[in-house]
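Listed below are the structures to be examined.
Here come two complexes built around chain A, the first alongside chain B, the second alongside chain C.
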Partner chain A sequence: MSSKKIVIVGSFGVGKTSLIRRFVDDTFSEDYKVTIGVHILKKTVQLQDHDINLIIWDTEGTDEIEEIRTSYLLGTHGFIYVSDVTRPKTYEKIDEHKQYLSKNFGNVPIFTVGNKSDLLPKGSISQKKEELDFLDILVSAKEGNNVQRLFEKIAKILIS
Partner chain B sequence: MINQDDKLDLLRTLLLTDDRQLTESISKKISLLEETIREREKLSAKVSPIIKEELETFALNIPDQLGPVITQTLKKQIEESKDQVVEALYPILGKMIKKYISNEIKLLSENVDNATKDVFSGRAIKRKLKALFSGVKENEIILSNLAKAEVEQIFVIEKGSGILLGSYQTKETVDEDMISGMLTAIKAFVEDAFKETQHDLQSIEYDLYEIHLHSFHKYYIASAVSGTFTERLENELEDFNLEISQEISKRNIIYDRTKLENLLLDKFKSYKFTEE
Partner chain C sequence: MSTSSSNEFIVPIQFISIDTDGKIKSSDQKILNLEKGAPIKDAHPFFESVISMFESRATHLKLDCVNMLDCTFDVEVITHKDNSGVIILRDRSDFYKRIQKVAQQRNQSLILNELLELKNDVLKEKEAFKTKFIKNFSEELRSPLTLISAFSSLLLKGDLDLEQTKLVEALKEQSDSIRKLLDDIIELSKLKKGDSKLAEEVFSFKDLLSSIYMNYNAKVSLTNNTFEMNVSKDVPEFLQGDERRIAQVIKNLIENALIFNDGKHIKFEVTENHRRAGKTSLRFQVHHKGTVPKGLGDKYDLEDLEKVNPEGLNFSIVRELVELLDGTLKFNEVDTNHTQQIVNLKVAYPLHEVKLPPKKKSTVEQYKFSEKVKVLIADQNTTTQLTALKVLVSTGNFDTEVYTDPRELLEAVEKREFDLILMSSSISQIDSIELISIIKQFANNSNKKIPIIALTVHTSKESMAAYKAAGFKDVIKKPYTDDELLNTIYKRLKIKKFL
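What follows is the complex of A and B.
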């Protein structure tokens, strides 16, 4: 079984850790605990003809991507850039940050994710999706919407 | 001619002179007292020496007066919550004692080891011969053997990503992929923090384990050793790692986990660490 390193990046409080907890343990907590340094978790994704170990590195939140310790990002097979759909500030620099990652850490897939979709007013989701069409997927770590789908999608791309 | 009033005044003066003087004196004293009480500094100057003296006496009497009460209270508290006390103290004392003993054995073992380095090894009879020829008491050799080091786990980890390429372990542990990731994160953090020195992190001490790290171009080998990690074992471990590295290059199996783990198993079985 092959293993792939995934690094989660994004601003403070966008829900990086909650997203991973939802994916790995299928749990969610309202308590906000700041990530210090890096957390590493693992989950095996079972695809139709292949199993893959995702080793997920959860980094501490930062508005400036250059501030993340370079050594944590080395050898990454895929990045997940998490933003908060209710806070435009968290996705304003997304293109700039993607360029930085591609330039410095190889041409690996970067998945842009808009978290907290559960906070969008009912009935406005499709309109918001259009507004945020630069994001690959909208998810909700709290309710679990699209979380499994996101990681399965990543696993498929990494295998192919 | 003196009138009636003057006569009375004269008589009052004659009769009350002493009383008046006494009244004035008391009045003065009261004024002085009032002034002392009103002014903090003056009051403090008067009262402080008395309080100080009282406190000193109190402090001197604490062991006699409060000692038995404190002892009794503590005794009662410990008796009533034995489990909590043991729970709180055990990890601290236990670790301290374990570390102390381990360190002492390490020192003893290294001394004995140095003395017997060039004598042929063996069990029972050989040990007796060893003791005979080396002059080291057999008891000390036995003690040294008791503190022997054991290489318990070996991980081959990709540099940068921290992905586990292969491992060998004598005991079940927590998820080895997570260990690889965390070791890499710790290594990266330390090397980043001290990057001016341009050196790799070479070992991590954790409780009674020493994790020895040996860096190669694309990967590093981490070996978890329990017991006393001597310089001699370190050299042997490095030789072992070099042999593994040569085989990995020769067979080109760095990204073939099954073959790599078979190699680790074979090498581990055939290689004899003198410490073990």
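What follows is the complex of A and C.
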């Protein structure tokens, strides 16, 4: 079975750790415990004809992408860039940061994610959702929406 | 597994050597208990990631602060060309626990600040909306006030018995004070919007003070009080700055004293603190008996608009004005029941001698025309229509016709002859600036030459310029008094023709 390394990046407090917890253990906590350094978790994703191990590196949140210890990012097969839909600061520099990652760590897929979608005003044609359409996917670690789909999508792309 | 050391300077270290197949060749077991011969990748996903980086190259990689198996390690990975290697773990759990605590506090407060900032932006937007609403609303109120103001002064000029005179005087006084209130609100909303610019003109400060004195001496004596004004000798006669704003500050201070007056005497003093670099620092002080309710002098946000009572409005305006003029403001309670309002302003003064043109009088000439002036009034608003109509008719000098329908209006300027057109800012949704150009096309030759005057609440510099550019001879600001209306008309008519 193949293993793929995925690094989760994004500003602090956006819900990186929560997203992984939801995916790996299907749990969620309202408490905020700041991550320092890196935590490494593993989960197998079952696709139709393949199983794949995702080894997920949960990094400490920084404002500036350059501040992440580069040794964490070596040998990565894909990035998940998480932002918080309620905090514009966490997605303002997304393009710049994507460029930095592609340039320095190989041309691997980068998924941009807006977390905490549960906090958006309800309704299908919400204006806010349109504003956020530059993101690949909106998820909620709290309610679990789209979390499974996100990782399955990534897994599919990584084996193709 | 973790050996929590009491001595933080001793960092437990573990060396793990890996063979060419990724299996554990040897481990000194100081921290983690690893089974010899087992694949290192099974010990933790971290090692699985790391081992995939063994790519037959000699590298030395440092990975700080790796959390696994209940500890936090600084890790070194050394790989050899034959794909064997060494992994060195340093258990720095205690150190990183402290770092974590600091980061926790820092991040929480950063996030909080971010959210507060966002909230603040929303509040600002709301405030701007309110400001705009208040401004529009106040301007709407001006039209009916025109009627009351102008009718009252008109009535007072006629034959009224004493009782009636008193009633009308009261009416006028009330409407004047509402007018003032409205102007205040509009002023405040402008100040709040922060788009006010300061004038930089030379003006006679002495004249300003004496007109303030005359005004308040009369007003205060009506209430059986006395008004005293002292201006110290060193205060410059001329200043260079925003005369209207400075006057507003002074007037508002005095009004404040009048509102909360408990005694018989209001004292107003102007002194000079010092002069520096072409600027004089002036101190304005108003002293009266009676106390001002706590909090009235506080700065308030439009957010709390509901809490501001009309009495507080003056205070808010003074505060905003003083802020705009870059001065300071203080309310002191003295001797338990006296209030002292102190404002310090730095104002430029002209360094050379100044000669200002003499002021114009604003009373109306009492003309008796031999021929009546034919006036066309184009106005939809019955209130202002009536006002203008009555004021003009009362002089006996005018014949007036009112038009509210643009088509009839155009027909009239084509077929009939007039001497003057008064036009409000819009008629049947057609903007007066647009309308005037159509009028000019339709008008017969004699009507092409007559003055057209705009009646409007839009009196910003930009609007005035637009009116003039469109061909209006003059603009009369609503609400106007009968004097203002007549003066403008007389100024713009070729009067000799009618005498």
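One rule holds for everything that comes next: the second predicted complex is superposed on the first by the 157 of 160 C-alpha atoms of A that agree within 3 Å, B and C clash if a C-alpha of one lies under 4 Å from a C-alpha of the other, contacts with A are read in each partner's own complex, and residues count from 1 in each chain.
We take it that a residue touches a chain if its C-beta (ideal position, glycine included) is under 8 Å from a C-beta of that chain, and two chains touch if they have at least 3 such contacts.
Since we're looking at a predicted model, the values are computed, not measured.
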item	value
When chain B and chain C are modelled together on chain A, clash or fit	clash
Contacts of A:72 with chain B and chain C, given as first, second, both or neither	both
Which superposed partner A:40 touches (first chain B, second chain C, both, neither)	both
Contacts of A:88 with chain B and chain C, given as first, second, both or neither	second
Per-residue touch tally on chain A - higher for chain B or for chain C	C
Partner chain(s) touched by A:32 [first = chain B, second = chain C, both, neither]	second
Which superposed partner A:159 touches (first chain B, second chain C, both, neither)	neither
Chain B versus chain C as contact partner of A:55, first or second or both or neither	both
Touched partner set for A:5, first chain B, second chain C, both or neither	both
Touched partner set for A:13, first chain B, second chain C, both or neither	second
Set of chain A residues, in rising order, touched by both chain B and chain C	3, 5, 37-38, 40-42, 53, 55, 57, 69, 71-72, 74-75
Residue numbers on chain B that touch chain A, as the complex places them	158-164, 175, 177-178, 181-182, 185, 188-189, 191-192
Touch list for chain C against partner chain A, complex	44-46, 48-49, 52-53, 61-68, 72, 96, 99-100, 103-104, 107-108, 110-111, 114-115, 118
Touching residues on chain A, where the partner in the complex is chain C	3, 5, 12-13, 32-34, 36-42, 53, 55, 57, 60-61, 69, 71-72, 74-75, 86-89
In the complex, chain A residues that touch chain B	3-5, 37-38, 40-42, 53, 55, 57, 69-72, 74-77
